[in-house]
Amino acid sequence: MNLLVSRECQAEDSIVRVGEIAFGDGSFPVIAGPCSVESEEQLMACAEVIAESGGALLRGGAFKPRTSPYEFQGLGEEGLRLLVLARERFGLGVVTEVMAESEIAMVASYADLLQVGARNMQNYPLLRALGKCGKPVLLKRGLSATLKEWMMAAEYILANGNPDVILCERGIRSFDSHTRNVLDIASVPAMQEMTHLPVVVDPSHATGRRSLIAPLAKASLAVGADGLLVECHPNPDKAWSDGAQSLDLNQFRDMMAMLPSRILKS
Amino acid sequence: MNLLVSRECQAEDSIVRVGEIAFGDGSFPVIAGPCSVESEEQLMACAEVIAESGGALLRGGAFKPRTSPYEFQGLGEEGLRLLVLARERFGLGVVTEVMAESEIAMVASYADLLQVGARNMQNYPLLRALGKCGKPVLLKRGLSATLKEWMMAAEYILANGNPDVILCERGIRSFDSHTRNVLDIASVPAMQEMTHLPVVVDPSHATGRRSLIAPLAKASLAVGADGLLVECHPNPDKAWSDGAQSLDLNQFRDMMAMLPSRILKS
Amino acid sequence: MNLLVSRECQAEDSIVRVGEIAFGDGSFPVIAGPCSVESEEQLMACAEVIAESGGALLRGGAFKPRTSPYEFQGLGEEGLRLLVLARERFGLGVVTEVMAESEIAMVASYADLLQVGARNMQNYPLLRALGKCGKPVLLKRGLSATLKEWMMAAEYILANGNPDVILCERGIRSFDSHTRNVLDIASVPAMQEMTHLPVVVDPSHATGRRSLIAPLAKASLAVGADGLLVECHPNPDKAWSDGAQSLDLNQFRDMMAMLPSRILKS
Amino acid sequence: MNLLVSRECQAEDSIVRVGEIAFGDGSFPVIAGPCSVESEEQLMACAEVIAESGGALLRGGAFKPRTSPYEFQGLGEEGLRLLVLARERFGLGVVTEVMAESEIAMVASYADLLQVGARNMQNYPLLRALGKCGKPVLLKRGLSATLKEWMMAAEYILANGNPDVILCERGIRSFDSHTRNVLDIASVPAMQEMTHLPVVVDPSHATGRRSLIAPLAKASLAVGADGLLVECHPNPDKAWSDGAQSLDLNQFRDMMAMLPSRILKS
């Protein structure tokens, strides 16, 4: 039996739409925003620059999976309300993570694209429920997931009724602590050979280093990725999470200036 | 602030009791059983030999996290009923995996020790809920989890009210496909230095190869582990999952014969 | 003390010249050729297409490090003579691997750029001797070398008197067998931050899969690499080594057609 | 064709003799000594305790492969003379590393067992020359070598005429910096299934942490290893290299006291 996600099952590229934004049609939409939603002021500052610079969607964490139980766990539903407020003001669709099956309906009532984090890539009850949630899903690759396991995780969502899955390469765990993870850029064309789903790249989590994000964004575009996910923050040094890998808003503007607002992949 | 799981917080070893079985008191209890509960006949055949050979607890999967949505996903609650039947017949406490927050109460009504699988080690909503479940928890190390991340995952359970956590080293992902994973045996004394929680070893998942299980069981005892988790099956070649790494029942008896029924660690 | 290879020691980019070809001046020279020199016919067929397509240098293995002692070990000095013949006919400088200190003088009498393979990145007697060889050196990253170890390997060459080192990212060993290795593309800008030496990329060894080479070549250019190293062969399916990762000559032409003959990095 | 190192070629265990010490006969010889030979006083202090405690052979580095060219590179031939002096005084055979083909004859004129370090496991000219050196060879596993690659490296030595190879598992590179490397203890029985050569374990390099050496030594014995290699030093905090992973001489005595002087593997 051919997998639903496979090219054998569907030869042509899937186009996944999030409002007016399309992933997989040859364009290169940029999803951006802070790691965590911290305050109205912080979020609106990001959203304004993202919208002005040609960003496609606004991301922000409201329910945060954190290694320690004593780290900031996100603003919860209040964070979602702020994201919706930003959407109303700046016209950017909202992307946010959902961690628990029991929270899907609530999160889906606010967000336009539901993110599954790397730690949950093989949380099968969550994936099954997302198959029935009625919203597109952004499925991050697990820290040590093979390409086959990643495809199979997507298959859980499609097999439960939801064809709208965007894959996100965000780096794999390796031996060198110089970068937080290793961006497996070859996974982009390798997955595109095997599956019809769009594949975007997150250079922020892949490297954990601000200075590497712009070069990797250019490489992601060149390799044929279907979009980008980057973290930005009005004041990265004061960010409540992931500051070291967040662009400040000027750096974000500069990066976007390098990338045409409506890029057709070669 | 010291972590609840740390030696700084509690110098003496924690003893986690599952019925009459103690983990962390210097003994070496053996948890055994099939990967998946398949049928009454299969499960009782295992349980009989485990009880006769001095095994401490019976494990069996009823809700199975499987890479593909098209693989056997476990018998579900029917599997749990069979595990309870085996407990009644052979006096072995029951260990089984719980994958979803919404199933904890139901699984806990059958099982004596709740297992968190490697894929869910950082499923924080699940860990938080297990902090309030009233049953001891067996927390497997994630495939690419650092020791610190593993400790922090346990901390989620303790911080939510449940001190009864047993850690399980089950191999980490590495580059050589000769074995399924690499048993990081040094993690046992390393974790015992940092935490007061008991640490058991699962050589079945660590290697994926039947012939390596007995030598690794001996090594686990020698290194100072607080117990063992092994897969066995009446007919491994016909097992619905993980046959290659399951001992048959004679091999299980032979392995147990090497290990005194009540072993005191040196 | 600052390392000789570091930006602290020399802020501006080093330009390493191999005949008329420069690495590190903002251009993107392409080194190409077969994994092993097999015959005059095979090598001249490659060299002709490489020269016509705007390739910069001809690579070919004459002394081959092979995992098994029973695999083809290269034509030896006869292979070097064929490389020189190709240089005379097509005007391409010659790149080839040197494996042993005792062979450096002989190999250097034929080649224009001496390659240190991944397996020898920490062969310090070899590196020391290359510091005194009078020819530029192409230093491949070891399969599990950290960036710091790779820099230190280059430092051995510079500290022994040879400033002309080109670094080559060729993929690191990881857990997924889908590709032969994982191209750590972030290592290019990360190394360029820390060192003034040019960094080129070898997508052939990085992936082991022909179909991924062209997308990775484009990504390497976009990320700011100082050149490319690719394998090509007139008949990859009959290649004596590494056929699966060699482009055929039409594929090589197509890849070169995408890359301007004299590319200035953005 | 069956490999010379394989069980298909030779079913019974090879016994490799280094003077009166045998590896592979069911005993568990302990090789010990400092990482680097630093002085006569340091070396004799080690050798005396090793001999008294039942150690089998004295190791010490005279030619040291060091990540940085500016680190101590060993005393060279003077170090070898000190090792021979210790042999004369304490009756312990001498084990030391050889890094270069050109130094084999000289090193072999002093040492009883020639060590190939992890960085040189695939230095084929060195391996070929060791096939003709007339001395037994201790072949360490490379940092990211598969079991098959390790066997093939040994095959280079046997195929060149030297049957006396002892394999040494010394940990593989992985993602967690808590330990220096990950001891792949399953490689011991896995290699013993595939090859007739003896396999010893080096817990010092495997962990880089003094406190983990004794538990891993016990585990190595229990898993069926054919011997042990450990670092010790009269004053580890002042060691010129690898102090953090060296036992002091009292710790070494204590570890040996746990291990019978003539152990038969179970």
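When the chains are written out, they are named A, B, C and D in that same order, and each has its own residue count from 1.
Convention: a contact is a pair of C-beta atoms (placed from the backbone, for glycine too) under 8 Å apart; a residue touches a chain by one contact, two chains touch by 3 or more.
Model, not experiment: these values are computed from the prediction.
Note on connectivity: the fewest steps through touching chains from chain B to chain C is 1.
Counting C-beta pairs in contact, the pair that comes out ahead of the other among A-C and C-D is A-C. Separating the centre of chain A from that of chain C, both taken as means of CA atoms, is a distance of 35 Å.
Chain centres here are Cα means. That of chain C falls 34 Å from that of chain D. The set of chain D residues that touch two or more partner chains comprises 144, 148, 173-175, 177. Residue ranges on chain B touching chain A, taken from their complex, read 1, 65-70, 99-103, 119-120, 122-125, 128, 143-144, 148-149, 152, 155-156, 159-160, 173. On the side of chain A, the complex with chain D involves touching residues 173-175, 177.
Per the touch definition, chain C reaches chain A in the complex via residues 144, 146-148, 172, 174-179, 182-186, 188-190, 193, 203, 206-207, 209, 211-212, 215-216, 218-224, 258, 266.
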